[in-house]
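In what follows, subunit A forms one complex with subunit B and a second complex with subunit C.
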Partner chain A sequence: MKISFPHMGYSYIAFKWLVENMGHECIIPPEPSKKTLDLGVRYAPEFACIPFKMLLGTYLEVAEKGAEVILTSGGMGPCRAGLYWVMHQYLLDELNTGIKVVAFEPPLCDLRDFLKKLHWIRKTGGLSLKAFIQVLRITWEKIKAIDEVEMYSHEIRPYEINRGDTTRSLWRALDMLDVANNEMEIKMALQEGIKLLQQIPQDKSRNPLKIGIIGEIYVVLEPAANHYIQIMLGEMGVQTDRSIYLTAYTRKNTIVNLEGDIFSVAKPYLAEAPIGGHGVNSIGETLLYAKHGFDGVVQLAPFACIPEIVAKSILPAISRDHGIPVLTLFIDEQTGKAGVQTRLEAFVDLLEKRRQYKATHKNARLVV
Partner chain B sequence: MIKGYLGVDVGSVSTNLVVIDEGERLLAEQYLRTNGKPIQTVQEGLYAIGQELPAGVQIAGAGATGSARYLISLIIGADIVKNEITAHAIASSAMTEDVKTIIEIGGQDSKIIILRDGVVIDFAMNTVCAAGTGSFLDQQASRLCIPIEEFGDYALKAKNPVRIAGRCAVFAESDMIHKQQLGYNTEDIIAGLCEALVRNYMNNVGKGKEILAPVMFQGGVAANHGLVQAFNKYLELDVIVPRHHGVMGAIGAAILARETSRKKGGTGFKGFNIKEINFKTSSFECKGCSNACEVVQFYENNELLARWGDRCGKWEINAV
Partner chain C sequence: MSKIGIPRTLAYFIYFPFWKTFFEALGQEVVVSPPTTREIMDIGVREAVNDACIPIKLYHGHVAYLADKVDYIFCPRLVSVRKHGDFGTETFCPKFLGLPDMVRLALNNLPEIIDERVDLKKGKDELLKVCARVGETLGQSGTEIKRAFKQAMKVDGRFKQLLYQNYTPVEAMAMIFDQQEHIPPPRQETDLKIAVVGYPYAIYDAYINAGILKLLQKEKVRVYTQDMLSDKTMNRQARTLPKSMFWYFSNRAVYGALHFMQEKGIDGIIHITAFACGPDSIVDRLLEIESRRRNHIPYLAIAVDEHTGEAGIRTRVEAFLDMLRFRRDKA
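Up next is the complex of A and B:
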């Protein structure tokens, strides 16, 4: 079968390998572009959020290239994203694309459905159970390696002397991971990639600010949806850490389900009910970033995203109590990055001034 | 010889230029419509302000701000490029020492800046909605055939402001039209609009912010007396509208230019007579990889000065 999936950051490299090694043909989803947005906006309901529109656009693009099946994730939270795949299926049927959307719900919610879908994918690809498990294992290693090399790039970018060195080396590292076919090769490629990044001319005398990136999963994970915010901030001399990495996310939400933890962290500020999506995470993660000495937090929220709106109204209280400024960016159809750049530059100015102020007024507690 | 510092603020709607002296006194100011042609507008504005300037003033530093700041800094030879949020904060603190809150409403954006002890500690800026900004007021004024300068004064004459839905500019307009067709008078509708805009501003950018006096209200829209009154009513205090409220961004850029050029010991300012220079931009799509970045090239008299727009940085030269 010709299989495709949502494009989220660099993860497509691992998923491409997975699909091909399960005995299927992979239609690589293109990075979301103006065309993706046009298609999505044209066929999606007007009030749907930007992740819905971009995903629909992506699906229509891969449909053009002949995809027959789309593998995606479901979700059981009270955020409408859990139902997105059903809506996408309706729209794709209406447009006669012939595409079947197969969504994996978290196994802890419906184990039988999860296993049934896995079985179907394996059987149609013609793999033995043993080989299938091996393929999944290697894919997991690959995702982990991709996340690791990307995380490292965000750590060193603020030190780079020539703009773009880090980004170019990261791309080279990802290319090497792309062609790695087993655990050994992945390990080697990762080592090589990290080395490439280490060799970049750096100015270690800098003392970069640290900003945590939180918010809704799609706009956090897909650079094309968030104006490449981590690269932008990195080139302004800021170290970024984002709250969501696929490996961390999958580990937390699907396999071990550690969400309880983030709930208990967020509890002093949101005790009532679990709000959906990543709203609770945004609250809890802001607290964690404050605790770990970050200078600030940027919240990425799709326009009209209820969970993030709820989080946004709670965040000022956290800012006040824990002295961590938060900048919220709502993301919609706008593609011009000048506005985002202005806000980020001002935010970085603010954080730098705070740092200086704190240094000169040792005992002052700057409230927000 | 008097030392002057030039600040240029090129925004979506207006282009402002100021020259200040060492003591932050305004020596000259120019307020022009950008009309979608930032390069040409700055060239004209620069020439005009050069003419306006008293004899014996020499520019010792130049700064650029506003959404076209990077482009403009190349044209004028700016010593510093700064975002408009910081520029506004700097100008306000220079004018009123203890300012704690700045409300700034411009052509297409609105922001709130919170300061404590002269340090910006928080700010917010509208992201996906431009309801309530200058462009919308402009449009409503011309729809009602009232000159924009008098628009706010109509609001002051209102006896019973009508309630207008202020969340979305489009719906606000239809709400206004409905009220008009029902026979409410123009003054009450305009006052209602002012109150709606303030409500929208407070709910949108002002949400969750601790607004303490002194509150400065600046930006082109601060010229609107109706809005000033609506803010006073909503906040239950008197907002301060600085005399040069329309050019505060440019003043901030000029102050920053003063600091930078002092530190640098010189300026890169190219002079007022740049009307003759031919500035030109062109763009091409890079074929290097699948990103297909649109690279912009900037020329001064056929000499390539800078390139930008590429994500990987391989085309970049002389970047600011």
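Up next is the complex of A and C:
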């Protein structure tokens, strides 16, 4: 079968490997572009969220290239994401694409359905159960390695001396991971990749601002949707941290995982969880970034994203109580790169000034 | 005795008879905000987070209206009212889930908020437990609470009976509370039959939809809404969908619409939706496609927001009615 899937950041490298090694043909989803968005906007309901539109656009693009099946995730609510596949299927049918969307619902909700679909994929690909499990294992290792190099790139980018070095090395590291075919090769590619990044000429005397990135998963994970915000900030000399990675919940080293249950962190401000998407996380993470001395937080949200609107209505109170500035960027089809850049520059400027003020303020007190 | 304020929007249209009876049986005074006015909307638009949908902004307006007139604002956190949906996880729109927190942080000088969590999917006795907690907040004893609960259940039963007899919630409440023994069905002469579906707070708030129900009545249209259908009738539709919605009010609108699509004699469907409503981006397109696939029944969606003008709505509704009449006369 010709199989495709949603494009989310660099994860396609691992999913491509997965599809091919399950014995299917992979139609690699292209990075979302203006064309993707235009297609999505044309056929999606007007008030569908941006991720819905971009995914629809992606599906229509891979349909053109002959995809027959889309593999994606389902969900149990409370937000719209778990219904994406339903509406996508309706729309793809209306347009006679012949594509079938196969959504994996959370196994905890419907284990039988989950296993049935897995079985179907495996059988049609002609893999033994043992080989199939091995393929899944390697895919997972690949995703972890991809997340690892990306995470590291955001850490060092603000120190790079030659602008663009980090991003170039990141791409080379990803290319190496792309061709790795087993756990050993992945491990080596990862080591090589990290080394490449370490070798970039850096100015370690800098003391970059630290900004936490929070918000809705798709626009956080897909650089093409958020105008490469982390790269943009990195090249402005800002260190960014985000908690959303596909492999985030297995990580011990992220700030969010250090602090235990994010829902209980958020509770003083939002006494209900979950509320869908990453709404509660956005609140909890802002509190954690404040606690860990970050200079500011950027909230990324699709326009009209329900949980992020709830979060946004609560963030000013956190900002006030904990002295951490928050910039909300709502992303819709009109959002342009230049606009995002201008707003980020102004925000970074503000954070610089705050830092300076704080420093002199402290000194002043010391003198007295 | 305390004064308890209930905003006349959102879930008001389904739970007011229950809670009014409950509170009054406990000897409390219930103050309800008036039907939405221009002022209420303006306050809501000003105070609520500006990316919110109009119903949520209106809710802020109603709360602000009540704030200095009552001792408590009744703003329960509606998490679920039944076990339903493909995974039994039906809930409410995320904005309902965060409502008490949003209101509390957006508005100043609020009295105490009764934000009891209502999660009825957990079991049969949940509602009584919710009532017990609410009653305790007000310093009531267990026996008083039980008695009030029983009374409230009775009135709620009567309310539902009236709905099933094709009265709207507003009419049914008037009959129950304003001693209007009988509202004579004003629609003897019926030219068209139309199902109006959508969220109760969009359908029955005459301000936000520019009086669409009245307009239809004037045009001799017999109006049916999803609230006039029993749960059993509606839930039959769940099986005809790939997956149910996650949200109570959305499921009701969808099931209701699907039911009416197959009902003989229904000439058309009007879906009233809130501008930029998240769940409705799915609900509306789904209904549009299904109305075409099932039965080719004419379908009109009307999105309301703070700028909805009466003239605009009237023109669109009248054009729709003309089309329906033309279609009928041709047949």
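Operating definition for what follows: the second predicted complex is superposed on the first by the 346 of 368 C-alpha atoms of A that agree within 3 Å, B and C clash if a C-alpha of one lies under 4 Å from a C-alpha of the other, contacts with A are read in each partner's own complex, and residues count from 1 in each chain.
Note that contacts are C-beta pairs under 8 Å (C-beta built on N, C-alpha and C of every residue); 3 or more make two chains touch, one makes a residue touch a chain.
Every value quoted in this text rests on a predicted model; they were computed, and no experiment measured them.
Novice: For A:Leu83, is the partner it touches subunit B (first), subunit C (second), both, or none of the two (neither)?
Specialist: Second partner only.
Novice: Does subunit B (first) or subunit C (second) touch A:Glu272, or do both, or does neither?
Specialist: second
Novice: Kindly classify A:Leu118 by the partners it touches after superposition: subunit B alone (first), subunit C alone (second), both, or neither?
Specialist: Neither partner.
Novice: Name the contact category of A:Ala346: first (subunit B only), second (subunit C only), both, or neither.
Specialist: After superposing on A, A:Ala346 lies in contact with subunit B but is clear of subunit C.
Novice: Of the two partner chains, subunit B (first) and subunit C (second), which one does A:Phe330 touch, if any: first, second, both, or neither?
Specialist: both
Novice: Touch check for A:Asp110: first (subunit B), second (subunit C), both, or neither?
Specialist: In the superposed model, A:Asp110 contacts subunit C only, not subunit B.
Novice: Name the contact category of A:Ser313: first (subunit B only), second (subunit C only), both, or neither.
Specialist: both
Novice: Contacts for A:Arg354 in the overlay, against subunit B (first) and subunit C (second): which applies, first, second, both or neither?
Specialist: first
Novice: Looking at subunit A, which of its residues have contacts with both subunit B and subunit C?
Specialist: Touching subunit B in the first complex and subunit C in the second, residues 303, 312-313, 316-317, 330 of subunit A appear in both lists.
Novice: Quick one: which bits of subunit A touch subunit C in the complex? Just the residue numbers, please.
Specialist: Counting only subunit A, the residues touching subunit C are 45-49, 52, 74, 76-80, 82-83, 86-87, 89-91, 94, 105-106, 109-110, 269-272, 275-277, 279, 303-307, 309-310, 312-314, 316-317, 330.
Novice: Once bound in the complex, which stretches of subunit A touch subunit B?
Specialist: Against subunit B, subunit A makes touches at 30-31, 33, 162-165, 167-168, 171, 228, 231, 303, 312-313, 315-317, 319, 325, 328-330, 332, 334, 338-339, 341-343, 345-347, 349-350, 353-354, 357, 366-368.
Novice: Residues of subunit B touching subunit A in their complex?
Specialist: For this pair, the touching residues of subunit B are 67, 82-86, 109, 116-117, 119-125, 127-128, 207-209, 289-292, 310-314, 316, 319.
Novice: Show me the residue ranges of subunit C that touch subunit A in the complex, using the header's touch definition.
Specialist: 48-49, 51-52, 77, 79, 85-87, 89-95, 97-98, 100-102, 105-106, 115, 117, 241-243, 245-247, 275-282, 284-286, 289
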